[in-house]
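Next up, some structures in structure tokens.
Next come two complexes built around chain A: one with chain B, the other with chain C.
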Partner chain A sequence: MTNIWHNAGARGKLLCLLLLAVLVATPLAADRYLLSVLILVFYFAYLGQAWNLLMGFAGQLSLGHALYLGLGAYTATALWTLFGIGPWLGVFIAIPVAAAAGMFVGWLGWRFAIEGVYFALLTIAFAEFTRIGFDHLQVTGASAGLFLSVNSPGSDKWWNLGGGPLLYYYLALILAAGATFLVAYLRQSPLGYRWLAVREDPEAARAVGIDIFRARMIAMLFSASMTAVGGVFYGFYYRNLFPSQVFDIGRSIELILAPIIGGLGTIFGPVVGALILTPLGESLTALMEALGINAPGVKLIFYGLMLMVIISLRPDGVWPWLARRLGLSGARK
Partner chain B sequence: MPIDHRKLSRRSVLAGTAAGAVLLGAPGIVRAQTKALKIAVLLPRSGYLAQAGQSCHRGALVAPSVLSDFGHKVELVHIDMESNPDVARTQAERAINEGAQCIVGAFDSAGTLAIAQVCEQRKVPLVVNIAAAPQLTEQGYKYLVRNFPTGGMLVRNGLQQIQALIDTTKIAPKTAVFLHANDNFGMAQRKGMDALFPKAGLPFKLLESIPYDPKAQDLSVEVTKIRGLNPDLLLVVTRAADAIKLVRDTVRQKFQPMAIISPGAPGLYDEEFYKALGPLADYHVDALPWANPKSKVTQALEAAFTKQQPKYRFPVECFNVGFTFDALLIAADAFKRAGTADGPELMKALMATDLADHAMIGPPIKFDAKGQNVDIPSSCVQNRNRTPTVVLPADAATMAPVLPMPPWQGRT
Partner chain C sequence: MAITLNVIVQGVLTGLVYGLMALGLSVIFGVMRVVNFAHGEFTVIAMYAAFILFEMLGLQPLIVLLPIAAAFFVVGYLLQRSLISPFVGRAEHEQFILLVGLATVIVNGLLLVFGPDARPINLPYSFDSYAIGSLFIDKVRVYAALGAFAVAAALFLFFRYTRTGTAIRACADNLTGAAVVGLDVKQLYAVTFGLGLACVGAAGTLMATIADASPSLAQAYTLLAFTIVIIGGLGSMVGALVGGVLIGVSEALAGFYIQPSMKSMFSFALLIIVLVLRPQGLLGRRL
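Here is the complex of A and B:
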């Protein structure tokens, strides 16, 4: 970890500390609406980091990460509603459940040489049939949904994640910042270099003695586990879960947008992507209202167009360009 | 720009502070002096629930003028929640920040629950127009009322109406099959059916319940299975696109039941159902809550709707329009009685609602301790000349029911 800090450079260190200080102090000045938007920013930044580990560093495209999100969310919320096990303990059960699912998908794919788009299809298939399974799983409410009570004993306590936006703001901030530091650490570790080697040329990596199956499995382990933690956050923040929403492919696509826009395979790409996407959506809503445009769907069209513009102007993502502009040479990756 | 320190006196700082305090206190003053209730109407006007959300929105657009005629003043802010609970939550926060004193919405249970949490924390009442998940009023929310039946109520009341339909038309069905979509709504209906049908005392046997995937290309496999069982009645829970597939496959396979009845689900009365099937869309029955064509409120609403929304037919839209209008009426009525838009006071008034004149069929609107209106009855609505028409209960009916339905062949 000291290596990362050392390599950041004076300007990088200053910007990093300034950003953290501003974000920690934001609730003093921000209203609840702004906090709710920032919670989503941090949440997507966190999930983007989790997905970026597998795709950006290990080079494996997953379009079914909603599977791990949903398993994490359902495991922790079901433990709470059925057995009264709180989320801080539930998360340690949710992680192995999602990690086991991820390891199985990874084993099936990489053991039998299902790679590239076929691996992506495999991840979609697992998310879809898990959705169908949960649609019929009566113990978690099947397709009618799983709900967390707002008036059961202890449900309003912070240790059961029963607080208001302030609690979720700091929780989301800690998750996003923690994930960024973890990713930065992994990126500079021997494991990180093995992932990059596997991503760039699997055959060459194998030739130099890297166990590519093992490297990919470890990436999946980290990615699925981190996503499961995001799922626990999601379940307790919204306090209701429907399989059709949690496991939906739309959810999988939603959580990969931030790293793609921000910069795939970079440490700060998912953060920058999330900082662009969620506020962009909210700004467009406000803009449409200010212009008196009352046509539903127009905002989504503009949103899509803006994403196309960003991708065509910055095909490598916004962060590498931004890092150059800010003179953060060491932080471009 | 350089700051001129000579102009920053202690007096000016004090004056600035006082002005700031007045500005910060302004929302409270505005709230106390308000003449019209500011309501944010959150609906899924884009995304996968857009069709129904737009229909509800048309009801909300028409509402202010009708409410004004009945002596209520409301200011509506229309917000699209994009069929997305994330958006529903942030937009609810924004609406309240911008002065919304009450929220109406949000058609879908997940979106409504996201809004309910914000309303609960900010002590702003939420009046649910449409959302059937029973948990909405079972989770302990204190700032929520719902004037819409739960999934279980829809099924129970629907089965009661089927019994009334059998009694009125003197048909004698012996068997039925229940076909339902395996989505959120369909599975909730199935759960209700499994629990309530054995106790309903209906004079026919339920042979089987068959789930189907609403994303399936056609329902030929399910219809073949139903044809093999040869039931007298086909009870269905569908959406519009599936209902079209169902009737097409039923006609194609020459299966002729006495009736196709939906015990509390949309699909059989959508405009696209009528357009796609023409005469084959007629005589199907929906047993669900409906706008009362004989109510003066509904008549006023229909007149305003026909004038303001000439492209749409009120009888086809009146389920969504009626419930959305009634939700706004409930909020406006509570505001009038409370005399204030203060959240806790407004909520007290909402809980004390006793509203006799409203758009949907039923007794005066009242809420139980959980905020649920438990007295919303269903009615029988039969498609006649491609128009959903109330045929039961008799005091709201504009036509008599026709069953068994005429054969598929020969319909023009």
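Here is the complex of A and C:
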């Protein structure tokens, strides 16, 4: 860990600490609405880190991360509503469930040399398959949804992941910051270098003795596990789950936006992407409401246009460019 | 048994329309290696086009089939020339993301303009059927399937016997060679994308007679087209039609015997099985 910190450069260290300090202090001055927007920013930064690990570092395109998000959310929520097992314990069951699903998808795909577009479609197929399955699973309420009661005893206590916006704010901040440090650590570990080798040239990586399959599987393990934790957060933050929302392909696409806009394969890309995209999207929604236009799709149209513009003009994302402007190192891909 | 046969026949007929839609995807991918992730979205645009022409001008889908296909050809041609051309040969995930962005814009644009409600086309013969022995076959499905088959056949003939078709096949087989002998690759790619979208335009118009247009169909159709093309074999034209029929029958059987809302689960299961056992697809060339 000291190694990453050491390599960050003086200006980078300063900016990092400053940003963290500002974010920790924000609730002192912010209202509920601003907090809710920032919670979303952290949430997308966190999930972006998880996805970027697999795509940005190991080079495997998954368009089905909603599967791990949904499995994490459903496992923890169902454990709480059905058996009274709290989320702090439930998360340790949610992680293996999602990780097992991820390993299965990865094993099926990479064992049989299904790569690129084919792999992406395999991930979508699994997510859709699971969505329809949950639509018919009576235990978790099928398509009518699963709800967390707000009245049952203890449901508003922090140890059951209930309470006011402050709890979710700091939890999301810890998740996003923690994930960023984890990714930075992994990036400069031997494992990280193996991922980059596999991403850049699988054949050459194999030739120098890297077990490609293993490297990809480990990336999937981390990515799916982290996404599942995000799912637990999702479940207890929104307190209602519908298969058509949690497992939807729209979820999978939504969580890849921040890393792509910010910069694939960079450490701060997902953070920067989430910081740019979420407030823009939310203010657009607020603007539409203020103007009295009922157009829920406008935010998504805007996101779609952003995707097209960024990938056409700056496929490396915003962060590498921004980092150069700010004179920061560590923006290398 | 008679009921099962009925269900299967309906599935085959619907499957041919699916197959025509997937054919468009297959042509685009087979020639340019570009993954059109907005395929279902374009299909639904065509469905709305057919719906509007029917409601406003009283024109039946089978009459506007060719005009809509022609319009889609132009759209595809221009789209390739402007937006997609720089992405040919770039990393797969970049193409994917461009088209995912386009798909998001289209589907939410449709939602904004038309709302989420399903729009049926009520043809005078919507509820007629042909009776052959114990078989009852919907008239609309027969027409839709015949239309799909005719368009697909025309496309086969085009690729087989015209100079442009041969040139496009040359680009698909050996891009460098095609460029060396002086073929205008950019132009041919634009024509290919146009042809792919013309298939989609025709398929969407026919689809509008057997399913109600709604924005929520778009993503499902995109996935359906990909499922069919992968099962049939990416780049294989016959494979797309075979895959379409296979999925049409599987959907019809699952919808009838299990539950309509679970029918696509079986398509995905088929996809997973094919990906694992034969990744190049049933009729695809070895990877």
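Operating definition for what follows: the second predicted complex is superposed on the first by the 300 of 333 C-alpha atoms of A that agree within 3 Å, B and C clash if a C-alpha of one lies under 4 Å from a C-alpha of the other, contacts with A are read in each partner's own complex, and residues count from 1 in each chain.
Rule of thumb we're sticking to: contacts are C-beta pairs under 8 Å (C-beta built on N, C-alpha and C of every residue); 3 or more make two chains touch, one makes a residue touch a chain.
All figures in this text were calculated on a predicted structure; none of them were measured in a lab.
When both complexes are overlaid on chain A, the residue A:238 reaches chain B alone and has no touch with chain C.
When both complexes are overlaid on chain A, the residue A:61 reaches chain C alone and has no touch with chain B. By the touch criterion defined above, A:185 reaches neither chain B nor chain C. Of the two partner chains placed around the shared chain by superposition, chain C is the only one that A:133 touches, whereas chain B remains out of contact. Of the two partner chains, neither chain B nor chain C is touched by A:107. Looking at the shared chain after the overlay, A:144 reaches chain B, while chain C stays out of its contact range. Within the superposed three-chain model, A:122 lies in touch with chain C and out of touch with chain B [touch as defined at top]. Within the superposed three-chain model, A:300 lies in touch with chain B and with chain C [touch as defined at top].
Within chain A, the residues touched by chain B in the first complex and by chain C in the second are 135-136, 296-297, 300.
Those residues of chain A lying in contact with chain B across their complex are 31-33, 35-37, 40, 135-136, 142-145, 147-152, 164-165, 238-240, 242, 244-245, 281-282, 285, 294, 296-297, 299-300. Note for the complex: chain C touches chain A at residues 35, 83, 86-87, 90, 92-94, 96-98, 100-105, 108-109, 111-112, 219, 223, 226-227, 230, 259, 261-262, 264-265, 268-269, 271-272, 275-276, 279, 287. Considering their complex, residues 45-47, 50, 53-54, 57, 78, 80, 82, 85-87, 89-91, 93-94, 96-97, 109-110, 113-114, 117-118, 120-122, 133, 135, 138-141, 151, 182-184, 186-188, 191 of chain B touch chain A. Chain A makes touch with chain C in their complex at residues 55, 61, 63, 108-109, 112-114, 116-118, 120-122, 124-126, 128-129, 132-133, 135-136, 249-250, 253, 256, 260, 295-298, 300-301, 303-308, 311-312, 315.
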